[in-house]
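For reference, the structures are reproduced in the following blocks.
Next, two complexes with chain A in common: one pairs it with chain B, the other with chain C.
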Partner chain A sequence: MRLEIGKINITDIRFAEESKVEGGVLYVNAEDFKPVVLEDEKIKDVYFDIAKPGESVRITPVKDVIEPRVKVEGKGGVFPGWISKVDTVGSGKTLALKGMALVTAGKIVGFQEGVIDMTGPGADYTPFSKTLNLVMVCEPVEGLKQHDYEAAVRKAGFRVAAKIGELARGIEPDETCVYETCGIKEGIEKYPDLPRVGYVSMLQTQGLLHDTYVYGVDAKQIIPTIMSPTEAMDGAIVSGNCVSACDKNPTYIHQNNPVIEDLFAQHGKTINFVCQIITNENVYLADKERSSNMTAKLCRMLDLDGIILTQEGFGNPDTDLIMNCKKIEAEGVKTVIVTDEYAGRDGKSQSLADADVAADAVVTGGNANEVIILPKLDKVIGTLDYINKIAGASDKTLREDGTLEVEIQVITAATNEMGFGTLSAR
Partner chain B sequence: MKYIILTNNPLAEDEFKETHDVEFVDGKLIDVLIKARDMVNCGAVLLNHPLYGSVKPNETPYRSLLIKCPAEPADGSFPAADPESVRLIGNAVNAFRKFIVKKEITNPSLLEDFQVVDLSLLKSAVAAADR
Partner chain C sequence: MAKIKVVHYINQFFAGIGGEEKADIPAELHKGEVIGPGMAFNTGFKDEAEIIATIVCGDSYFNENIEAVKAEILGWVKDLAPDLFIAGPAFNAGRYGVACGTIAAAVQEELGIKSMTGMYVENPGADMYKDKTYILQTKDSAAGMRDAVKKMTAFALKYAKGEKIGASCQDGYMNQGVRVNFFEKERGSKRAVDMLLKKLADEPFTTEYPMPDFDRVEPNPAVKDMAHAKIALVTSGGIVVKGNPDHIESSSASRFGEYSLEGVYDLDENTFETAHGGYDPVYANQDADRVLPVDVLRDLEKEGVIGKLHEKYYATVGNGTSVANAKGFGAEIGKRLVADGVDAVILTST
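Moving on, here comes the complex of A and B:
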């Protein structure tokens, strides 16, 4: 499959009379987008705000981050199963608004959402302090159940992102990147001497408020399957969860998966990037056994020489991670894990909740328990009402001087387990 | 399959007490894990992961576990422990203990949120066990 991503560099977002993309600027009339959100009767009200890199702004509680895109050539449309029909995506041409993100915010459950600081030490930990953010804060109708609210905000985010993406239709991109994978036979003939490498991505699928969707399907219902790595770029995999902010994979990161980017960068040079294999992280132990068995079998049947394995979350998913690693290695397929760590505030504890000798090649996104003091910022988009309650915070979080004492797990994508974070030992 | 639901979540008890075998633990999350560990040591098998939910164990006060009770061996001996269950529950107790236990949560709306999430994750396990 061959997908062209046309990148339109956005250098500013401004509120204006007319919504459009012109000269690298996204102009937004919020009134154009409010009805798109409010068409779901579960959402009582919404407001939009803009947060720019370097501004003294804190966005919280963050639910999802989405990159607006529009499909201009080829089968299907963005966010298949939600916005578009379920045609197989990942080929043709897609335009992406780069340098910006749509951030959805609002209280879903009192403890599971993230923080994005646009300046200060917190900004160093989140990749979304470097994007121009259009923030959408939703308020639910009275008495709405948490999981209904999550679904409403999730879907409203995709509708708004798709409508923003449409503004880019017809615009000449600043840069075009081409991603192309081969069929199995074609790849073997074309790159006979290169190692065959796959990417196994574990999707968060523990239950309501902990789910990921593939073409609209709840991924805890799937058995592992093969995808072209370009499908995720068109929004075939979307986040539907409210797990810890630091290591959840927002939709934006599925669209811009750094593992896929880097494997494509080496495709045809040092490796033959064969495919993405998706699997899940269910709570039921028999499901874990079945899925890891299937994943290992697929790796073997595809004659892979090596894989990169990424997860989402901590605890329960660590068991899937280790099961996958052990079984895939046992098939003779070299496995590299990308994860993060919960090694305690002093960094001295066991990092993962599970382990095995087969897990001998591990890349870490950082220690989520590391403590940081975040300064008081001038403006909050969303609300600080829940800041003491989110994962990684405590009743001492909001201090008298307005500063926050938190573990970095409160910061969106701080220790991202697909390697999208900024922490490094270099 | 015959199993029990071991939980300290009152919402989970209410949801399943009419249809399932529920053993309510009037205690903290760690009490559920330790009770489960005792059962596992006597041959019970865990059906869901004890560290489910990315809510870290020191942040949620609730835990609900599905546990398959062992058949009594005909010769009257003790049933053998399931090694995987022993490993998982041991890791869970260790993971819980390594985190600093924060002040007890008393805010009713936050407690309700924790109960709801715990119940929703329990429901996915029950759905898998009952299919």
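Moving on, here comes the complex of A and C:
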């Protein structure tokens, strides 16, 4: 499959009378987007705000981060199963608004929502301090249960992102990147001497606010399957989860999956990048065993020589990580793991909830329990009402002088387990 | 700014006294003298630090009189009150490495004076002391002296000045078993691809997280006589008395709670809730028995299937809680359960 991503560099976001993309600037009339959010009766109100890199702004509680994209050629449309029908995506041409993100925020859903600081030490840990952020703060109707609220905000985010993406239709991109994978036979003929490499991505599916969707399907209910790595770029995989902010994979990171990008960079040179294999992280033992059996089998059937295995979340999914690694290695497929660590505030504890000698090649996104003091910032988009309650905070988080004492766990994508950031640990 | 004061420890060989035949010389204090590798350190320090005394001891003497010689040297170092104590480097010399590790660790622990040493990774002193002092990694023989001195002086100045010490791989010391965060040059995905390319080519690569020996607990044998057993409930699912009186954190718990079940036959939404931040709390808050099955245990008690439900239960939050904390909670809860004559425990998670 061949997908062209046309990149439109966004250099500023401004509120204006007319919503449009022009000269690299996204102009937003919030009134155009409010009805798109409020068409869901579960959302009582919404307001939009803008946060720019370097500003003294804190966004919290952050739910999802999305990159607006629009499909201009080829089958299907963005966010299949949600916004578009379920045609297979990942071929043709898609335009992406680069340098910006849509951030969904508002009153807390669960406990595992994040913080994005646009300046100060916290900004170093989140990739979204470097993007221009259009923030959508939602208020649920009263009495709405957490999971209904989560679903409502998630879907509203996709609707708004798609509508922003539409503004870019017809615009000439600043740069175009081409991503292409071959069929099985074609790949073997074209690159007979290159090792065959796959990417096994574990999707968060522990349930109870810990879900990921593939073409609209709750990934808890899938049996591991293979995908073209370009499908994720059109929004085939979306986040629906409230896992700790530091290591949940926001939709933005699925769309810009760094492992896929970096494997493509080697494709045809040092490796033959065959496919993405998606699997889940269910909580029942039988599910764990079935899914890891299936990923190992798929790796074998595809005659892969090596894979990269990424995780989402921590604790319970560590057992899936180790099961996948053990079984895939046992099939003779060389495996490198990307994970993060919960080594305690002092860094002295065992980092994962499971371990095995087969996991001899590990890349880490750092220790999520590391404590950091975040300064008081001038403006909060969202609310600090829940800051002492989110995962990675404590009853001592909000201090008298307005500073926050938190684990980096609270910072969106700080220890991302797809290797989106540079943070590590030894 | 005043110069940083350093006391240096070396063996008889590096002091130029002699080899194996002189390994039994007792400890000597050379105030104001800079001897052997100390010269190179002093040059490397430029004007920022200086060696104010050198302590020399034979390797055999040190290892055979360890307590006495340690006390003697600690006495000298205490009086000299340096800012930093450096031992070695010992390269792959076993007894010298152990001496350097022992004395550096003692200076740090007993006098509270910053200490460091240097040696080869396979020196037996390395494994014994790498978590007790900073051990800079050197080559295996004195041919690596230049390199060792360069690394050690740079580290010494940074350390003595109180600058932040980075991760072990950044600052060249042996990992102390403490995970330290830092920013790499390449993002994680690129590092993973590079590591995979090496693994595929059978080239050496270094994992960023060496797997620990995993601590597995063998289950106890089954309880034979349940009808007379006292059963306790313990949960990592965060069920607490409403309002979370102990402020157990929603993730990375630092404590557990002990709550009474006296007169409680059914948990309801007015009296119990979950503090756990790792799952949708709606169903647990509606009916906390779903996580902590008090209602069912009370039924079994009535039916005589179990002897008695213990009148206290223990709860914490498993979400992101470090293994070390969890182990600590487990040990303490276990102690209290044993003291209360509990025969068996049902552990519920989420």
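Simple rule for what comes next: the second predicted complex is superposed on the first by the 420 of 426 C-alpha atoms of A that agree within 3 Å, B and C clash if a C-alpha of one lies under 4 Å from a C-alpha of the other, contacts with A are read in each partner's own complex, and residues count from 1 in each chain.
As a convention for this text, a residue touches a chain if its C-beta (ideal position, glycine included) is under 8 Å from a C-beta of that chain, and two chains touch if they have at least 3 such contacts.
Since this is a predicted model, take the numbers as computed values, not measurements.
Once chain A is used to superpose the two complexes, chain B occupies space that clashes with chain C.
Chain A has more of its residues touched by C than by the other of chain B and chain C. With both structures placed on the common chain, the touch criterion links A:D287 to chain B but leaves chain C unconnected. In the superposed model, A:K220 makes contact with chain B only, not with chain C. Contacts of A:I271 after superposition: chain C is touched, whereas chain B is not reached.
Of the two partner chains placed around the shared chain by superposition, chain B and chain C are both touched by A:L209.
In the superposition on chain A, A:T319 makes contact with chain B only, not with chain C.
With both structures placed on the common chain, the touch criterion links A:Y342 to chain B and to chain C. Common to the chain B and chain C interfaces on chain A are residues 110-112, 145-147, 206-210, 243-244, 314-315, 342, 344-345, 349-350, 353-354, 369, 389, 391, 394-395. Listed in rising order, the residues of chain A touching chain C in the complex are 110-112, 124, 145-147, 195, 197, 206-210, 243-244, 258-259, 261-263, 265-266, 270-271, 305-308, 314-315, 334, 336-339, 341-357, 359-370, 389-395, 407-409, 416, 418-426. Residues 46-49, 51-57, 59, 66, 84, 88, 91-92, 94-95, 98-100, 102-103, 107, 109-110, 113-114, 116-117, 120-125, 128-129 of chain B are the ones that touch chain A when the two sit in their complex. Interface residues of chain C facing chain A in the complex, by the touch rule stated above, are 167-170, 175, 177-193, 195-197, 199-200, 205, 207-209, 211-215, 247, 249-252, 254, 276-283, 318-325. Chain A meets chain B in the complex at residues 109-112, 145-147, 204, 206-210, 220, 243-244, 247-248, 282-288, 313-319, 342, 344-345, 349-350, 353-354, 369, 389, 391, 394-395.
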